[in-house]
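Structure record follows, encoded as structure tokens.
So that you can tell them apart, the chains are marked A, B, C, D and E in the order they are listed, and the count of residues begins at 1 in each.
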Amino acid sequence: MTAPPAAFWASAAFWGLAAVAVACGVAVFVVDSMARATFALLASLIAVGLSLLLIDLEYLGLVVILMMIMEMLVMAVFMIMYMMNPAGLMPMKMVHNNRGAALIAGTVFVLLASGVFLVPWPERTGTTPADPAHALGLSIMGPKMLVMMIVGVAILATMVSTTVLATDRGRRRGKGP
Amino acid sequence: MRDDPLDLLPELFLLGGAVLGLLACAFLPRGRGRPVAWICALGLAGGLAAASVAAAGPGGTVFASYALDPLTHVTRVAVAAATLVVVVLAAGGTAGGRSGGAGGRRLEAEVHVLLLLAALGTIVMAGAEDLLVFVAAYLLASVPGYALAGLGEDSAGTEAALKYYLMGAFLGVLTLTGVTLLYGLAGTTAYGGLGGRLPSAPSAAVACALVTLLAGVLFKAGGVPGHFWVPDVTEGAPAAVAAFVTTVPKIGAFAALFRMAGGFFTASTADWRLLLALVSVATMTLGNLAAFFQDNVRRLLAYSTISQAGYLLLPVVVAGRGDLAEPALLFYLGAYAVTNLGAFAVVVAVGGDRLRDHTGLAGRSPWLACALAVCLLGLVGTPPTAVFFGKLTAFAAAWSGGYAWLAVVAAANTVASVFYYLRWIVPVFRPGETVVAAPPGDAVPSEGAASPGVAVPREGVPSPGGVAARKGLARGAVAVACVAAAASVALGLASGVALTLGGP
Amino acid sequence: MGLQAFLLLACALFSVGLYGVLSQQSIVMLMMGLELMINGLIAAGGAFWYHVAPAAADGQVLVLVAVTVMALEMAMGFAVTTAIFRAREVDITDEAGDLRG
Amino acid sequence: MLTVVIFLPLVVAGGLAVVPGLGDRVVVGVWIAASAADLLLTAVMWLGYGGGIGYEARARWIPSLGAGYHVGVDGLSLPLIAMTALLFLVCAVYSSGRTERVRQYAALFLALQTVCTGLFAALDLLLFFVFFDLSIVGMYFVIVGWGHGDRARSALRFFLYTFLGSLALLLGFIGLYLGGGARTFDMVDLTRDPPFADAQGVSGLVLLAVGVGLAIKTPTVPFHTWLPPAHTDAPAAGSAVLAGVMLKMGAYGLARIAMPMLPGAWQRHAWAVVVVGVVSVLYGALVALAQENVKRLVAYTSINHMGYVVLALGAAGLTAGDVQARRLAVSGAVTQMVSHGLITGALFLITGVLWDRARSYDLGRFGGIAAVAPVLTGLTAVAAFASLGLPGLSGFIAEFQILAGVVGVGLPGSVIAGVLSVCGILITAALLLRMLHRVFLGGPGELTPRVLDVRPRELAAIAPLLALSAAVGVAPRWLLDLVEPAAAAIVSLVSR
Amino acid sequence: MSALAWLLPGLPGVTGVLLVLAGGLRRGGTGHGAGLGRDGHGGTRPAGTGHVRTGQGAGREETGHVRTGHGAGHGRSGRGGGAGGLAGRAAPVGAVAVAAATLVLAVLAAFTRPASSVPLFAGLRAGVEVDGLSAVLVVTVSAVALAVLVFSAGDTRELSAENTRGPSTGGTRELPAGGTGEAGRARCRFFGLMLLFTAAMLVTVTAVDLALLLMGWEVMGAMSYALIGFLWRDDARVRSAGIAFVTTRAGDAGLYVAAGCALAGTGSLELAGLAAGARPWHDLVAAGIVVAALGKSAQLPLSFWLSHAMAGPSPVSALLHSATMVAAGAYLLLRAQPLLAVTGWAAQAAAWAGALTALLLGAVALAQRDLKQLLAASTCAQLGFMVLAAGTGALAGGTAHLVAHAAVKSLLFLGAGAWLAALGTKDLRELRGAARRHRLVGVTFGVGALALGGVPPLSLWVTKESILSVVAERSPALYLLSLVAALLAAAYSAKAVTAVWRPRDPWTRDDSERRGTGRVGRLEGLPLPVLALAAATLGVVGLPPVFEAWRRLLGAGGEPGPGGDGLLATGITAIAVTVAVPLAVRRRAPEAPPLLRDWLGLERVAVALVWRPVMALARSLARFDDRVLDGVVRSVPRAGTAAARLARGRAEAGVDGLVRDVGTVTARLAGLARRPQTGQVHTYFAQAAVGLLLLAVVVALAR
């Protein structure tokens, strides 16, 4: 009995994370309180972020985790601010067209999953760069600069939009961005 | 790599206009939105001028993912011009009348900023040569739109915004799925790289990826099955915004789709032409059928824009086959934008959404009635309006690309569409009925753009007296309608020039 | 933990999210469904980068964009929800059905 | 000059629409003057015409599509243009007493005049189509705005049906455009090098599209059902223009576009065209025979008369037959177009007089009008006899050429077609005499006392049409000298 | 000289048109005034109409004039009527003058033989030429026309008074209101139409090609319509006119076909070249010509229209039955005789049709009680001889018979017309003693009738025999038939003579049909002796030297001319029959079988076999047109609207419940088609998802 190689641990970690991610994802729609759903979702997101760490994407994984934590906190605050059921005290099950949705989702899953195994994915070309984060930075400063520029403007637009929409009567209380 | 920011001067003008407008919003007192409108209009005008100049300049790819070619140039010009028109329509709403009457809300000055941002996103969408740029631009083009739809802050407007947002978000995620799949299949997101790698990819997977990618494009274009928001948003949003969201995003979406189709669809082994042809048939048929018995002119126009999207898909279907497809698409887009804006301007001017609000319009305002007739007949495709030539070239392109049957279906659909356009035109020229005075609580100044709350009578709830009861017609909107109608005819008559410019 | 495994995870998340999107009445819950779908895409995007084309950073940018999209869509969603909640005390899609036909 | 003739009415119409505060009298005066000026110019053009394509004008329009502003006249179009000018003048005179929204009415008619003239002068498919479509729109507004009865419905039917036809036509034009080697919409070029020289199947389909589009406009059975309601509910002048001018657009298109540009397909399907023509002749006549409504009756005779034109054009494609006879038939077809415009215009104006007086078209409620309106009766009698093809009036000149030509082609089938069509002449005679008897002769009917005789403006409108018909009937050479070279050209083009 | 060829028909034609136009013209709306005054409708709108008439002084004055004429009463010579009255008085004079001039021209043309042609259609010329046959006919036509017009100038009653007082309208009060203006216009129109009628016949007989011939031919038919229906207030007369026109036009259709076939066969429309065509074509041409001629000449089976033609005024009958219209058919067959001979069967057919008509219509004539009907049937019978002549090649004999018969028949009809005007009847029983009361008419009528019966030495005896002698050579059967027909001719002639010459008896009534004038005008009497003289003496053509010249004139081949034996036999028979009939009639007038009285029931057969089916077909087609064809067209938008209704979706249908209940994707698909736009975002999502899924599947499987 040799000790399992690193690949085994990695694999085991991945499957564990995957199980957590999917289970938490399912839990989002199973639990009967919105707050719990939020935290289930956060768990799922974090599990995926962690799984990214397994494939050399440490930077991105962390980004995902951090952003998601922030986002979920915002969501929690939001629910507490506005929603009628902040504490998730009342049982909550609000679905429509449950069977149809399940059927569609199931079909999609079956099709996609079969695609995953049937499609001959391309061979790997090139190797992982020594520092993926550095490569990402170069790329953002290079060929993908426009993406980030547009994303920036989109963030600006979102700020304006949310402000305009969410504040009562436009700029009554708000100022510019 | 070319990355001279001057190549993006038109986009920068728009961005600058938006930012300056935003600053003006922050410093100007409430209710004084006119300077913002001017700033934004200037930004648009600058963008228009810069785009015109750039059209004569050298083409090529800048920033490794942005194309400068006729497709981009025409989109820049068309989007900027159309947005300018909408700004005029919206400004007419804010500046024209009483401030904040009973139940009425005026559009905030931010509307112009949002319009500019959405226009910017639309343009970038058209010019994108990288799927990631496209996704980002999609986001940029969509997000302000959601806010615009909900600007009225009334029940209908927010519902419109909600639906718009939900559809956009969902289909946007699907698009992102498509992008991810394509990336997985090709290992790159640039159009050029995709074109090189896709031929070896399995066709079923590519087909799946293309369909999901299409979801967002069809959302912006208002095509089946991404069309569901169109009627609801058109009805619920302020009229000027409705004019914007049914016109401008379509331009960008079709330009982007055409670029994708020519760029890497053709390289794939999937039968994407069939895919688009099916979508086209479904879109035009559904749009036409659903428009048949609309009593609400905005919904009618909304469905008409859906059917127009179906026709617009014709040249895209045959992208890359023959030299007619691109000029056909570009010309049709311009023609459609002008004509559709004209029709919406009439709605803004009249201020009433029900068909009967338009009865006897010819008696009240013959010019407006003529403009409406020209625009609607233009949408039918009656020569010599511009849409006719658009349709003509589109049919010709489809035929020469081997899709004659699609042209036949489109022609049959056109005939069906005559019915509902005439349902609108005829009462307009009927001798007018006496206009009933509106109850004071319902009376809102004529700025249709400013009054979505009452301009949207619910079905089943009779709106006593109707909103047509208003005495005046919004002057700015009347002017816009007449100019648009004249432009529609002029563009048609001068289609030779337009096609020559857009063609090469 | 090959490509297929990651993709399977992505498929599962995507499908679960899709189910949520289609079935949830509450707008916020629906948005959570969307997030789950994007979550799947993040997993898939990262896996593709690693297993298909690690040389270029396209996949990483893709993940980045996906995260941004998620954040922005959420922000917008909250704003819209706020607006409609204020306008008509509703946070359920089924009750926003006046515009139809 | 031709451009002036085409656009003069439109300019005047624009003026009428824009200049405010014009009295009805002034409007009518301007309207008549404009139409008269147009007729005068047309007459000058006729006198100065020297064969071939005359008064040709070309301008770049949409070079990238190979379409241009290209107009010109030849022996085929000049008579029709002249007839159009005359008919519109006559309608202006006829309508001069109208009080209802005169300005719009006059502007609309003037615009329609431009459209109709332009269509006949167009030498570019796209230009042709533009005018073709606009004629539908204009006539739609005429019917909806000034018609009577169930006008909205009839007008809608008219619009939808003919619009369908126009789209079929458009598809056909696109086919011609794509099929030609030169990628052009120019009729002259397309005629010189007919497209689809070697693609039989496609050319057949294109011919089908073009043919259906034009057949709806002509109209031939079974595409005619829009015609009777549209005519019945249109105002008299509208009916006159619709039947007199617009029906010719279809047949003119066949002769101008379908035959020269798709000669092979036309030859292959000539028998089908002949059959359609014969059926239209007989069907139109028989259905007209059973009508109890004067205007519907006249409308159905239009189907009958246009059937002769289609028959003759079909026979022209029978290349196995005698070429002289085919020329005769085509010349007859062109003559029939002119003749039918004059006669049916007069007949519709006459029914308009009846409606004006009695608000009815019911055959059974009139009778013995000759006693109270002798002049009207006389005019009707002349028009009816002209319509049934009495020698000395234009109908005979046309129909004799057609029938003799069709039979003279000398194929068994053409003889049978000719014999069957001759029966059409007979039925037409019976039905028109029956109409004459029941409305104008015999004992007085219920509505007869209401019928006053023609007013001067009505007489001035109807009489010139009949006089011209008689002029063609007695001395046809002035017309045939113009028509025959064109007919010969068409026959030689279709025989390629 | 060529001008003469055109002038000959042109003179009466143009004059005719002018007269008709003059008859139609009114100054300033007399008709309005008349109409208003008569119908008591004037009270509602006189001011308005006055306005509309733009207040022309003349118009008002004349309206007033007519109203004063109202008071002045019935006078035909009343001062009212203005232009119409003036034209009415001038018209007869002018018409007679023109007819006389035409006769002069005709004689001139007969000697100078002008010919001329002009281009008509591309490569086809239209020409007129006076050759032998035409020369004979133009003179005959213009002479008879002159005689009839002179008679008409005298006969004013039937044309004017009758016209303004239709039987169906009754009421004498109408007569004066229209005043003499309307009567005068009617006379104008009448003479104009008569001249046009003559001109058309002149064109027909001089035309050298089928196109021009057809023109004259059809105009003649139309004029016959206008003249038969001249008294238009009477529905029956108008109907008769219509029947006459449509029936003859049914025959004319043959000429259209013949023209086409001639074009196909010979490349030209020349009458002279018809026989040269190739095999199928000249048969078809001959068939067309025979059909046309049989129709025009009222031969079996189309004879019935001639019975209806009696509805016209008597002068019309006189002209129509003698030298124009019916004669045109015989003329055409004589003209086309070479063609008929070439085909063989066509000649046979014509001969048999002629012989049978002569026989059967002779019997019909014998069975008539009405003088004009008797004469009409006799016309058919006599034309039968001419057709027989054309069929057997007896060109000279047939032509001679045509000419002589023209004189005889116009004489007889004018006589009958004179009596009708004077005595108000044409019933044979009421005409007893008519000849004794108006001696001139009686004697001339007697001469004519005896000539018609073939009594020696009068003209038709000889001319008929000149036909029979040829027939005898060709076919015994035909000869036998024609002998019997000749016998019948003698019988019906004798019946007519007997009827008018028997003394009155107490039961004889005047004015059984209308009010007679009781007298025969001078002008009416004028043409009778001349015509009687012609009827009596035209037999000289049978004298061998004359017949020889006649044959040369007509260019006929070796016809034997009337033979002595034949003449003797037919003469004696005719005399015997003529003598026997009055005796037989005196004893007991045999009741004729109804079938014969009713013209063999031909009309009923035609109505039952042709008209009713055509009308039934027309009605059913009209229904078909309204319901089926149109229905199909209508159903398309209906289907479209139905689909649209479905597509639009309904709020009240309980969408939510429905959509929740449907569990399967396929059922959802149905929901997608029916009501996509539910307003519910989640249904939008589902639809979009399913739509995209399906698209993906389809496209993935497509390749």
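Here are a few things to note about the model shown:
Here is the rule we go by: a contact is a pair of C-beta atoms (placed from the backbone, for glycine too) under 8 Å apart; a residue touches a chain by one contact, two chains touch by 3 or more.
All of these numbers come straight from a predicted model, not from anything done at the bench.
In terms of the stated touch criterion, the partners common to subunit C and subunit E are A, B, listed by label.
C-beta contact counts were set side by side for D-E and A-E; D-E has more. Note: the chain lying farthest from subunit D is A, by mean C-alpha position. Averaging Cα atoms per chain gives one point for each, and the point farthest from that of subunit E is the centre of A. In terms of Cα centroid distance from the overall Cα mean, chain D ranks first. One inter-chain figure worth recording: subunit A and subunit C are separated by 7 Å, centre to centre, where each centre is the mean of the chain's CA atoms.
Look at where the CA atoms of subunit B average out and do the same for subunit C: the two points lie 26 Å apart. Our note on geometry: subunit C versus subunit D, Cα centroid distance of 64 Å, whole angstroms.
With centres taken as mean Cα positions, subunit D sits 42 Å from subunit B. Subunit E has residues 637, 648, 651, 656, 677, 679, 681-682, 685-686, 689-690 in contact with two or more other chains.
The residues of subunit B that reach two or more other chains are 132, 136, 139, 143, 146-147, 150, 153, 161-163, 166, 170, 184, 187, 190, 204, 208, 231-232, 294, 419, 459, listed in rising order. The residues of subunit C that reach two or more other chains are 7, 14, 18, 21-23, 25, 52-53, 56, 58, 61, 65, 68, 72, 76, 79-81, 83, 86, 93-94, 96, 98-101, listed in rising order.
This structure has the following touching chain pairs: A-B, A-C, A-E, B-C, B-D, B-E, C-E, D-E. Across the interface of their complex, subunit E is touched by residues 96-97, 99-101, 103-104, 107-108, 111 of subunit A.
Of all the residues in subunit D, the ones that touch subunit E in their complex are 97, 157, 160-161, 222, 225-226, 283, 286-291, 321-322, 324-325, 327-328, 331, 368, 370-375, 378, 381, 385, 389-392, 396, 400-401, 403-410, 415, 418-419, 422-423, 425-427, 429-430, 433-434, 437, 441-444, 449-450, 452-453, 455-456, 476-477, 480, 484, 487-488.
Of all residues in subunit A, those touching subunit B in their complex are 111, 115, 119-122, 125, 142-147, 150-151, 153-154, 156-158, 160-162, 164-165, 169-172, 175-177. Those residues of subunit B that touch subunit C in the shared complex are 132, 135-136, 139, 143, 146-147, 150, 153-163, 165-166, 169-170, 172-173, 176-177, 179-181, 183-184, 187-190, 231-233, 235-236, 294, 299, 458-459. Only residues 1, 3, 15, 22-23, 25-26, 30, 63-66, 108, 110, 113-114, 117-118, 120-121, 124, 130, 132-133, 136-137, 139-140, 143-144, 146-147, 150-151, 153, 161, 184-187, 190, 197, 200-202, 204-205, 208 of subunit B touch subunit A when the two sit together in their complex.
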